[in-house]
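Just below is one structure, and these are the notes that go with it.
Order as written gives the chain letters A, B, C and D; numbering starts at 1 within each chain.
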Amino acid sequence: MALSREQMAQRVARELQDGFYVNLGIGIPTLVANYIPEGMEVMLQSENGLLGMGPYPTNEELDADMINAGKETVTAIKGASIFSSAESFAMIRGGHVDLTVLGAFEVDVSGNIASWMIPGKLVKGMGGAMDLVAGANNIVVTMTHASKHGESKLLTQCSLPLTGAGCIKKVLTDLAYVEIAEGSFWLKERAPGVSVDEIVAKTEGEIVVPDVVPEMEF
Amino acid sequence: MAGFDKVVKSYAEALAGLTDDMTIIAGGFGLCGIPEGIIAEIKSMGVKGLTFVSNNCGVDDFGLGLLLEDRQIKKMISSYVGENALFEQQFLSGELEVELTPQGTLAEKMRAGGAGIPAFYTATGYGTPVGEGKEVREFDGRPYILEESITGDFAIVKGWKADRYGNVIYRHTAQNFNPMAATAGKITIVEVEEIVEPGELDPAHIHTPGIYVNRLIQGSFEKRIEKRTVRSA
Amino acid sequence: MAGFDKVVKSYAEALAGLTDDMTIIAGGFGLCGIPEGIIAEIKSMGVKGLTFVSNNCGVDDFGLGLLLEDRQIKKMISSYVGENALFEQQFLSGELEVELTPQGTLAEKMRAGGAGIPAFYTATGYGTPVGEGKEVREFDGRPYILEESITGDFAIVKGWKADRYGNVIYRHTAQNFNPMAATAGKITIVEVEEIVEPGELDPAHIHTPGIYVNRLIQGSFEKRIEKRTVRSA
Amino acid sequence: MALSREQMAQRVARELQDGFYVNLGIGIPTLVANYIPEGMEVMLQSENGLLGMGPYPTNEELDADMINAGKETVTAIKGASIFSSAESFAMIRGGHVDLTVLGAFEVDVSGNIASWMIPGKLVKGMGGAMDLVAGANNIVVTMTHASKHGESKLLTQCSLPLTGAGCIKKVLTDLAYVEIAEGSFWLKERAPGVSVDEIVAKTEGEIVVPDVVPEMEF
């Protein structure tokens, strides 16, 4: 069965390591914060200028001057630091963030990602996504494997305008965990009960399938 | 005003010299850390044809969105402009021009503008629509695009506290784009919650040194929250 | 070390991995704000062929000057290297290579290195020996030269206080090049006067966020004064 | 008679205006701080990261962590700010400093300045001088009009390696105050008792002399 949003977040959380500075995008990536393994410390970076983002505030803690990049009210943990947008993106662009998790419309076998613009639809902007994909060495893209109409989002070549070129190496979909290398997708894990055939059928770009594709466990 | 006292008596004085078709660099992220009183004054002045360099354009009835009501904005240079029906309408009708710029590039363009760096290379946007028409150059085997800096006729900034000399500190994440905006205006106006005497702020903790600030005014702020997310205690 | 605790137990641990021929970015201006204990450890390690990126090279018997005694430095990238007879001697004999870089360009090269900006344009040095062999480009009718960023295998930094997570604040003008150096090392080591617990420093007043810091050690400092100038009370 | 160092500083101080942020180089420029006109406020920038430099400390105030760009111990005035070298040169290069005063070996009719390197002599470095001359719109160069051997320092073309190209418009020597425009020096004022003929004789570059050249008054 396809992974739920929570399962996707849970699987991405396995990419975390103790002491990682992590930037989580809006949507499923945000949920990853709920699955940080016990005993592991991870610090969340919010690109509007906060390192050490804490949980949502209580009503008493609520403060209009303390928000995250999604414009939600948040708190700061002990040991947080707060800084300008220029400093924040110096961190991001300079490769100091250990892991970035974000959503996408499409990825392709060259590691290209399209996540911000659908021609003909109103374009709201890329926000910090282009900086995040250009700056991070370690990115996990989370998205459904195929569109509602069954069209693959793992392509030979992205059809939508790119967010970044050649920067994606790890993709977690609701069906599989896939890595990108040498111009191909490499199937690494499959969702529980999802067949390799289904994954291959829903992957438009070339995908390398090993003899054994372990099922994810939850 | 004598010496380094940057305090002005009114919003009119703060915005003296602002005329049609000028470029304004604005601090703020969403509705957080925006100079509310300065924006209100720009609205009441009725100047038109403005270009705003600002990460966002507020919401329909708050922040820079207020300036859309009388069609005062000709062009936005921003990274994200959702959350605004009036914006959408003016954009789709072709009245409003939008130059989308990645958030980090936008911050760096403002900083560079204030710092005398006319242009810099960044990997951000390479191979995307943002990189189209821009010079590409490889460093250490990786392609980067050339981005030029931005300055404005005015910069409008929201601080927390400032001393009379214009040394500013920001509160929490209301800092965001404000420090860079402050450096990039020919005339920089800062609106703060509290004005203190020189010597009251620790010199090592000044976010924006007074050299960047031309005019300082104390405002009162609604501080509207865009997305109120809370947890139970 | 678990989680974000950056504190190391010894200078040996702080400098683990430093080997011959590496590049080190160093904070400090003259003898002000230099990581004295880290420099002493580099001396006692005896590593050679080092390239230092540092505004100055200390004096004969203090600061980076100490590393000249055993000829550990192969090259200095600096803006000013007077005040040092041993330096002069090794430079004139050809043992020591020097790449003079304008002070502001040096600071910006370090910042750019840490910030993922591979190169930037500056007017500084255009038409001078510094500009020779560098690309010249006009922006708005003025010529600028292209300068590339700098990063190092290590960065060595002197802070005042830091929390265990590596959030650092600097004291007075001992800040100088330290914040940029901290961003530009593959491994950044910070030596401070005092280590405090997370939460004791105000998040809005952190000069160097812990994300840039790999190893943190508490030192004791002589803080030698280069030019003691006083007035009568 | 040629101006004394103190008189040179005094004359430069007349270029100050209330509210000016000023960077003063080492030597004669430093003395300018002693001649700030009464009732006028001027703030001194020191390029190692201090805006609002105060006088030397008393013995009790002495602090190794508080120095100026000349590495002298100093104090900070009330309302000072302290920042990194990158921020300091952002101010300088970005043109935010209102007046810069510095010494030189030579200037020429094109506004070039040479101040840091004499070939054959040991080169100690340019420090912040190249940034200062490239960044400031308003620079006053202070130097003797001629060398000890009587050779002019106001040249058709600088003979020494440049510190900056085309950036100098005002020169105060011990003999005259001269401006540079349209490829010439323009004689504006002369030191008390110094003849126009002496100035012209000691100026190698083309110099435009008006009918009346006022004497400086002290």
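Descriptive notes on the structure:
What we mean here is this: contacts are C-beta pairs under 8 Å (C-beta built on N, C-alpha and C of every residue); 3 or more make two chains touch, one makes a residue touch a chain.
In this text the structure is predicted, and so the values were computed from the model without any measurement.
Looking at subunit C and subunit D, the chains in contact with each of them are B.
Taking the CA centroid of subunit A as reference, the farthest chain centroid is that of D. Of the two interfaces, B-D and A-B, the higher number of touching C-beta pairs belongs to A-B. We define each chain's centre as the mean of its Cα atoms; on that basis subunit B and subunit D are separated by 35 Å.
Rounded to a whole number, the gap between the C-alpha centres of subunit A and subunit B is 29 angstrom.
Rounded to whole angstrom, the centroid-to-centroid distance between subunit A and subunit D, based on C-alpha atoms, equals 55 Å. In this assembly, the C-alpha centroid of subunit B lies 32 Å from the C-alpha centroid of subunit C.
Contact with two or more other chains is made by residues 108, 111, 115-117, 122-123, 171-172, 175, 203-204, 207 of subunit C.
Looking at subunit A, one finds that residues 76, 82-83, 89, 92-93, 134-135 touch two or more other chains. The part of subunit C that touches subunit B in the complex is made up of residues 108, 112, 115-123, 137, 139-140, 142, 144, 148, 169-172, 175, 202-205, 207.
If you check the complex, the residues on subunit A that touch subunit B are 46-50, 55-60, 62-68, 70-74, 76, 82-86, 88-89, 92-93, 112, 117, 122-131, 134-135, 161-166. Every residue of subunit C that touches subunit D in the complex is listed here, in rising order: 29-33, 55, 78-82, 88, 91-92, 100, 102-108, 110-111, 122-130, 160, 171-180, 207, 223-233. In the complex of the two chains, the subunit D residues touching subunit B come out as 18-19, 21, 40-41, 43, 45, 51-52, 76-83, 87, 89-97, 134-135. Those residues of subunit C that touch subunit A in the complex are listed here as 1-4, 111, 113-117, 163-165, 167, 183, 197-199, 203-204, 206, 209-212.
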